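Listed next: structures, encoded as structure tokens.
Two complexes follow with chain A in common, the first pairing it with chain B and the second with chain C.
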Partner chain A sequence: MSRIEQIRQNVLKKNDLLAAELRNRFSGVGVRVINLVSSPGAGKTSLLEYTLRELQPRFSVAALVGDLATDRDAQRLSRAATKVQQITTGTVCHLDAEMIGTAIADWQLELLDFLFIENVGNLVCPASYDVGETMRAVLLSVTEGEDKPLKYPTIFNSADFAVITKIDLAEAVGFNRDEARKNIHEVSPDLPIVETSARTGIGMDLWMDRLERLSHTRGDLAPLI
Partner chain B sequence: MHELSIAMALVDIACEASDRLHVSKIDALHVSIGPLCGVVEEALAFSFELAAAGTPVEGARLVVQQAPLTAFCDSCNEERTIPSPQHLRCPSCGAPTPAVRSGRELELVAMEVPDVPDRADSSERPEEKRFARS
Partner chain C sequence: MSRIEQIRQNVLKKNDLLAAELRNRFSGVGVRVINLVSSPGAGKTSLLEYTLRELQPRFSVAALVGDLATDRDAQRLSRAATKVQQITTGTVCHLDAEMIGTAIADWQLELLDFLFIENVGNLVCPASYDVGETMRAVLLSVTEGEDKPLKYPTIFNSADFAVITKIDLAEAVGFNRDEARKNIHEVSPDLPIVETSARTGIGMDLWMDRLERLSHTRGDLAPLI
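Entry: the complex of A and B
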């Protein structure tokens, strides 16, 4: 015979507690943390390269780069940021709060204005893991097609901001912008969207503006004009 | 597939709970997963057996209940159950419903344990196997 014991406990409690601690630390020293999530090849590193280059003259910026095996992305970025650190996850398909905490354990966070976290390229797993970010930005490249948000509603719904990337290729690949926007809003009705190209610079002003107007608290985003 | 990490976290909290309850065996875990928590039931079930091996949770049944996705509809001024995470719209009036109220949860709701409490000292238990992150 069995008896039933009520437990009612969040399975990811440990991660969520660590993430809350990180978030407190980040907001305590005034560093804004942006978690970039997307499928592999959507252009996280290119967006980040551009962003770091633009911010660096006026702000102190750093990046943590999650990758399964190589440090190629970290190498690309190290030219444009104050500090870049690679987190090689091995077989783990996402970054979690513990990995972030370990990576920044001896950092002087108070010297930073922005910390970018380039998550592992994956539209599924990173959705479940809070890493203490101020803003989670999901990228969708025009080459992936308009229906990605419907296939991966969870990650789009968990994001605070959507960036459509490689918009300069939209015509060449027959990307339907209206359809993509409609699909994003089906799974996350109020999600702000910008269309960008890190190659030509189109739309990057809106992205940069959003970053600079970020406050230190998640969910406290000023509306896009 | 992150369900192995999730399954390991689940086994960890079940082991903690079994310590609190002074039981050395768990018959079943009841887990609630929302449509927006990002976990696939089949992948979790598969990973669960691996994660449970060698722990007090080994051999326990995993009973998964799908939690509903609910959101507040401003037009109807009422909380609604949303049939699909692919369309966050009120099923009654069709208005978009950004205000998700539930559906992101991933919760160990309850455990079935043998009715006779096992007061055995923890040193007498089968050796617990904890997985290091690979």
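Entry: the complex of A and C
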């Protein structure tokens, strides 16, 4: 193992410990934490905007939004959630457990039902960093191409749930949904998939249903209807 | 500076040296090297397919294609170029000068006019790694959103040329071209921009023209007509 690879392993080990602590804290107070990962522009913020707006009347919801620069997403989302905080990572291509811990240090977590973590737009780095989430959802937009699960297997492998986004554009871009599903299941055979459009609302009921039935323990997902 | 940050600096310094050697080699034999960077699914392979097909009758062209896994892109491109080689990076989120040097170790570079390097789909990591290119072109697809230059400034800053892709979908996705151009120029004031569609061919003449007028020295770009 090279020196840089060794240090990387130590960083990941330290992150896993911090993430386990966070996960205990989250489940202790009964807050469900959803980590949204995808490439840039797959529609994380749009999905989140829709989701927060739907949950807001009945639940207490908050969001942490990761980006290299700017607080545009936090501004977009702050209308729909109790608490929204931007984490700017500079040149770092993912969020990690320590960044999350620091961001929520003075939050009253017990007041929350849901915490959404919008990760940095990247199909590589966020795959290796546990942030203590209850559920990791990977987004794949129809405009990105059906081959992305095969080309970025780790992030699909580490996810609990896949959301195909912008399905209203499927025809315009010649999206082959059977091939996309086949490719997702080739890297993660049992990964549940919903097809959605935050613009038209198609499929969003399945996504909302999954969120509401989410248990507080990671991996403990009721099967998708 | 933390220990991991220090090691990262050393890695980058070593990469810069190797990239400078590569660049000398490339310009010595008169091959123009174009490094294509973008997020996953922005259309690097489609742009490249079109480009190779157009150049192939009059020039000797080759391509190196980076991905975490699979050689699908190399297969797609091998019909249109003299030589196509896939570089699979495992979990590494970018190509670097050493990978390029290894891949072309036994090539007869002097026989080539153009070498295209399709980087790993990622808006973060490839920004820091010089691969000895003559020109770095960053792609932004209309489906990704106009805000990406502001959110990933380094990659737009380090590019010599910006290609807006999938412009045929602009209307369907409500793409605001003025805002996109404004955001690109906010992070890189003089960056030349072309708007293209590899599907319909719109704007591809400007891209091809730029390539053909490319000098062998980085940064030495004739102004775009």
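Keep this in mind: the second predicted complex is superposed on the first by the 214 of 225 C-alpha atoms of A that agree within 3 Å, B and C clash if a C-alpha of one lies under 4 Å from a C-alpha of the other, contacts with A are read in each partner's own complex, and residues count from 1 in each chain.
Heads up, the rule we're going with is that a residue touches a chain if its C-beta (ideal position, glycine included) is under 8 Å from a C-beta of that chain, and two chains touch if they have at least 3 such contacts.
This one's a predicted model, so the numbers in the text were calculated from it and none came from an experiment.
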Between chain B and chain C, whom does A:I4 touch in the aligned arrangement: first, second, both, or neither? both
With the two structures laid over each other on chain A, which partner does A:P153 touch: chain B (first), chain C (second), both, or neither? both
Classify the contacts of A:Q108 with the two partner chains as first (chain B alone), second (chain C alone), both, or neither. neither
Quick one: classify A:H185 as touching chain B (first), chain C (second), both or neither. first
Mind working out whether A:S128 is in touch with chain B, chain C, both or neither, as first, second, both or neither? both
Quick check on the superposed pair: does A:C93 touch chain B, chain C, both, or neither? Answer first, second, both or neither. both
Quick check on the superposed pair: does A:L12 touch chain B, chain C, both, or neither? Answer first, second, both or neither. first
Hey, what residues of chain A end up touching chain B and chain C alike? 3-4, 7-8, 11, 91, 93, 124-125, 128, 150, 153-154
Residue numbers of chain B touching chain A in their complex, please. 1-2, 5-6, 9-10, 12-14, 17, 21, 27-28, 30-31, 35-39, 85-89, 96-98, 100, 104-115, 133-134
Show me the residue ranges of chain A that touch chain B in the complex, using the header's touch definition. 1-15, 90-94, 96, 124-125, 127-129, 150, 153-155, 157-158, 185-190
Which of the residues in chain C come into contact with chain A in the complex? 3-4, 7-8, 11, 39-41, 67-70, 72, 91, 93, 120-125, 128, 141, 143-145, 147-148, 150-154, 166, 169, 172-173
